[in-house]
Amino acid sequence: MSKLEIDRAEIRFGSYEALKGLSLQADDGQFVTLLGPSGCGKTTLLKAIAGFLPLDRGTIAIDGRDMKGVPPERRDTAMCFQSYALFPHLTVAENIVFGLRQKRLPRAEQVARLAQVAEQVSLQAQLDKLPSQLSGGQQQRVALARAMAVRPGVMLFDEPLSNLDAKLRDQVRLEIRQLQRAHGFTAIYVTHDQSEALAMSDKVVVMNAGKIEQVGTPEDVYKRPVNRFVADFVGTANIVPVEIVGRDAAGGTYAVSTPMGPAQVRSDEPPIADRVYACWRPEDAALMPGDTLGDNIFRLAVRARTFLGNLTDVSIGAAGGAGPSYRVQTLGFADLLEGVSYSFHVPPDRLRLLKEAVA
Amino acid sequence: MKGHWFNRVLIGLLLAVCFTWLVIPFALAMLWSLVDPNHPWSYPEILPPALSLGRWIEVWTTTSLPQTLVNSYALAPSVAICALLLATPTAYAFGRLDFPGKGPAQILTLVPLVMPGFVVAIFFSSLLFSLGFYSRFAGILIGHTVMFLPFAIRILTVSFALVRQDLIDAARDMGASPWAVFRAAYLPVLRPGILAALIVVFILSIEEFALAFIVGAPDFTTVPTILYSYLGYNFIRPNAAVVSLILVVPNVLLMLLLERLLKGANPASITGKG
Amino acid sequence: MKVRQTLLAYALLLPGLGLILVFMAFVLGMAISQSLGFFNFSGESGFSLRFWETMLADHQLWRSFWYSLRVATLSAILSVLLAYPLALWLRKPFAWSGTISALLKAPLLVHGLVAAFLYINFISFQGFLNLALVSTGLIERPLRMQNDANGIGVIFLQVWKQMPFALLLLTGAVQAIGDDILDAARDLGANAWQRFRKVVVPLTLRAMQGAIILIFIGAAGDFSFQVVAGPTNVNSLSQFMYRIQETSVDGWNSAAVVAVLLMATALVGSVLLAGAVQLLSRLGRA
C-alpha cells in the first residue's frame, strides 16, 4: 500500500478544468516533485492533497484511507507555504509549536520537539523573535520547522524556495533533502524550477495543463523524455521532426531522415509512427575536425556564440540563415567563428525518438 | 458542498431580517407622511384610509420647515468650505512631511470624536454666552467646523499622501511654476479627496443634532432639531414622518454619490459611514 | 534643514489641529471651571466645591450614572459580538455578498432621531408589530412595548445603529488577514473556533478595541435615543445634564459637574473595556 494514492482526480473551476483525471502514487519516504509551468495544476493538486480543495471526481487516499470529506485540520499532512504564512503575532518558538498545541502534546514533548527541530534548521538563537524581525531565509526555515515539528505522514511543499536568492536556494535545497532523508517523511514538492526537481527528487512528475506528461526518476525524465513538452521543459532540447526510412534487422537501430541530414537512431522501442519528433541535448553534440561527413554528422553554420564562463553556448543552423536554429553547448568551443560551417556529431543513442507523431 | 446550502439559509435569513429591520419601518414612515389629514389613520386599520400629499403641503405651509431647510442648507456648505480650508494645511503636513511628534499629533486630531456631543454642545454654548457672542448661525458654524475637522483632515491626508513625488519632481524639472506644478501633480489626485471631504462634512453638518439643538434653541432650527420637536411631548406622527424623509433621502443620495466618486478607495473606512 | 521643516510642519498644523486643540481646551476648561464654581451665570463666581457636593449626593445622578453605564457597556459588547461573525462571513466575496454588505451598513445612513422615530412607530401600541401579532393571533391585546423600563429599546437602537460601524472597522481588519495564514492554521490542526481565537482575534484586536471604545463613548453620551425611546423613570447622563442645566437654579454649574463625570466615565470605561478585551484575547490565545 502506498503512502499517498491519487486516483483519477478531477477539479473544475466553472468551465476551466484544472485537473483532468490525474493518477499518481507516492511510497512511504519518497520525495516526489510535481514539476510544470504556471497554470499546469501542480499547486491545485497540492492543495487538494492538503484538503483545501475538494475533488470533483476521483479519490485521494493517505495510508489507504479515503480523504473525501476530511478537512485539512484532520489530515495527516503539513504544508510549507510559498509565502511562509508565519503567524505575525507569535514568536518563532510559538509558531513552531502551534501544531503541537493543537494536537495537545504534553508540554515536555513539545519542548523536546521544539529543541530538536530548531537545531535541525539552525534557529536556536531566533526562538524569541517575531517573524517581522527575521530575514527571508530565516522565515523560510521557520515555516519548514513548523511543518516538520508536527511529524506529518505527508509533507507538502509549495515552491518554498522561490522567494530566496540563488545562493541561499542551493543551500536550503540541500538541507531540505537531507532533513527529509533523515526523518523519512513522504514529501510532495511543487516547483517550476527543473534543476530543483532533478536535484532533490526520487520521482519527478511532469505536469502540463492539468495532466501528467511523464513520471519517472530524474534520469528518466531527462534522458528519456516521452514527448516534446517534457523534452523541452526539463533541460534544453533541440527538437526535430524525423522520418523513419529504414530499420536494422537486428532491431534497435533505425535510419531516419532529419532536416539536418541523414542519421541513425538507437531506440529500445519501435517508433509509434513513420514521422515522429526526435530530440537531442546541446551537450550531446561533438565538434568533428575538418570537413568530416557521415551518418549522424551534420554540417551546420554558426549563427551566434555566447561565452558563459564555464561553457560556450552556440546557436547553429543551415548555412545562409534559413531554417531553425539548434543549440549546442560544451566546454572549449571558444574558437568557433560566426558564419562558418562546422561538422557536428550526435551519437545514435543521444538522438532520441519521442512518442509523439508529427501531425 | 456542505457549505453552500448553509450559506443560502443565512442569506435568506439575513434578507428577511433586513426586510423587517429596514424596509418595513421606512415604508411605514412613507405611509405616515402620505396620510390624508382629513382621514386620520388609527388602529385597528392596517392601512391608512386615504393617501394624499395634503400632509406634506400642510407641513410646508404651516410650520417653520421652509426656514429650517434654508438654515440647514446654508449652514452645511459653509461648514464644509471652512473645514476644507482649515484642514488643508494640516493634511498637507500629515500627508507629505515627516516631523517629530507626528504620530501623537495625528492621534490628537481625533479628540473631537471622543468628546460626548452634548457636553461639547452645552459648554460651547456656555462659552459663547460668557463671551457675549450671540449669533446663532456663527456659533453653530464654528462648532460644526471644529467637530468635523478631523474627518476633513483624515480624508485630505490620504489624498496628499497619494501625490507622487516623482511627478512633482518631473514638473519642476521641466520648469513649471508652483501653480503649474500644483495643477499637474497635485490636483488630479486631490480632486476626489476634496470632493469627498466636502460631501462628508456637508452630510455630518446636516445631521448634527446636539450642538444645533443647544446653541440654536429656540429660534434657529435645523432639520434634526425640528424633527426632535415633533418627537418630544409634541408627538405628531405624520409631521415626524415627513421630516424624517426629508432628512434621510438627500443624505442617502449624497452618500451614493460619494461612493461612486471614491470607487476603488474604501470610502467607509475613511469617513466612518457606509 | 530638519529644524526648518519641523517648524514649517507645526505652522501648518495650526489652523487645523491647533484650532481643534484650542477649542476643545476651552470647552473642557469651561466645563471643569464651571463645575468648580466659576462662570456662575446666576450668582457669584468663585471657587467652590458645593456643586460637586450637591450633585454627588443626588440619588438621581447615580441612577443615571449606572443606567448609562449599563446601556453603554451592553451596547458596545453586543455590537461587536454581532459584528464579528458577520465580518468573518463576509470576508471573501460570494454571490450576493456585496448586496448583503450594503444592506447591513444601511443603518449608518439613517439619522439617529429618524431611527428612533421608526422604532417607536414600529412597536407603538397601535404600530405594525402589535398589529401583526394580534392579527396572527399570537396575542390578544397589543403589548405596551414603548419606553420600556429597562432601556431595551435604547440598547436595541444603539446596536441597530452601531453594529454596522463595528462591522465596518472589523471588516477592514479581517480582510487584512492573509488567506495563507488561516490556511496554515487549518493545516496544523486548528478548527474554526480555534482559528478564531488564536489567529483572527489577536490580529484584529486593535480594530475591535477601537470599535468598542467609540461605541461605548457614543452610547454613554446618548441623548436622542433616550429621550424618544428610553425609560421615563430614569435619565441618561446627557439627558440629566441637559435637564439640570435648563431647570435648576445653578443650572450651568451643576450640569458642569455631570459633564465632567460623564467624560470621566467615558474615559475610564473605555480604558477598562479595552483592557478587558486585551485580557480576554490573551486568555483565548492560550
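Structure notes:
Order of writing sets the labels: A, B and C. Residues in every chain begin at 1.
Following the convention adopted for this analysis, a residue touches a chain if its C-beta (ideal position, glycine included) is under 8 Å from a C-beta of that chain, and two chains touch if they have at least 3 such contacts.
None of these values were measured; they are calculated from a predicted model.
With centres computed as the average of Cα coordinates, no chain lies farther from chain B than A. Looking at A-C and B-C side by side, the one with more C-beta contacts is B-C. Distance between chain centres (mean CA atoms), chain A to chain C: 58 Å. Between the Cα centres of chain B and chain C there is a gap of 18 Å. Those residues of chain B that touch chain C in the complex are listed here as 7, 10-11, 14-15, 18, 21-22, 24-26, 28-29, 32, 42-44, 46, 85-93, 97-100, 102, 105, 108-109, 111-120, 122-124, 126-127, 129-130, 142, 146, 149-150, 153, 207, 209-210, 214, 224, 227-228, 231-232, 237, 240-241, 244, 247-248, 251-252, 255, 266, 268-269, 272-274.
By the touch criterion stated above, chain A contacts chain C in their complex at residues 50-52, 71-74, 77-79, 81, 83, 85-89, 98-99, 102-103, 146-147, 150.
Chain C contributes residues 178, 180-181, 183-191, 194, 198-199, 202-203 to its touches with chain A in the complex.
Chain C meets chain B in the complex at residues 5-6, 8-17, 19-21, 23-24, 26-28, 30-31, 34, 39, 41, 89, 94, 96, 100, 102-114, 116-119, 121-122, 125-128, 131, 134-135, 142, 160, 164-165, 168-169, 172, 213-214, 217, 220-221, 223-224, 227-228, 238, 241-242, 245, 252, 255-256, 259, 262-263, 266, 270.
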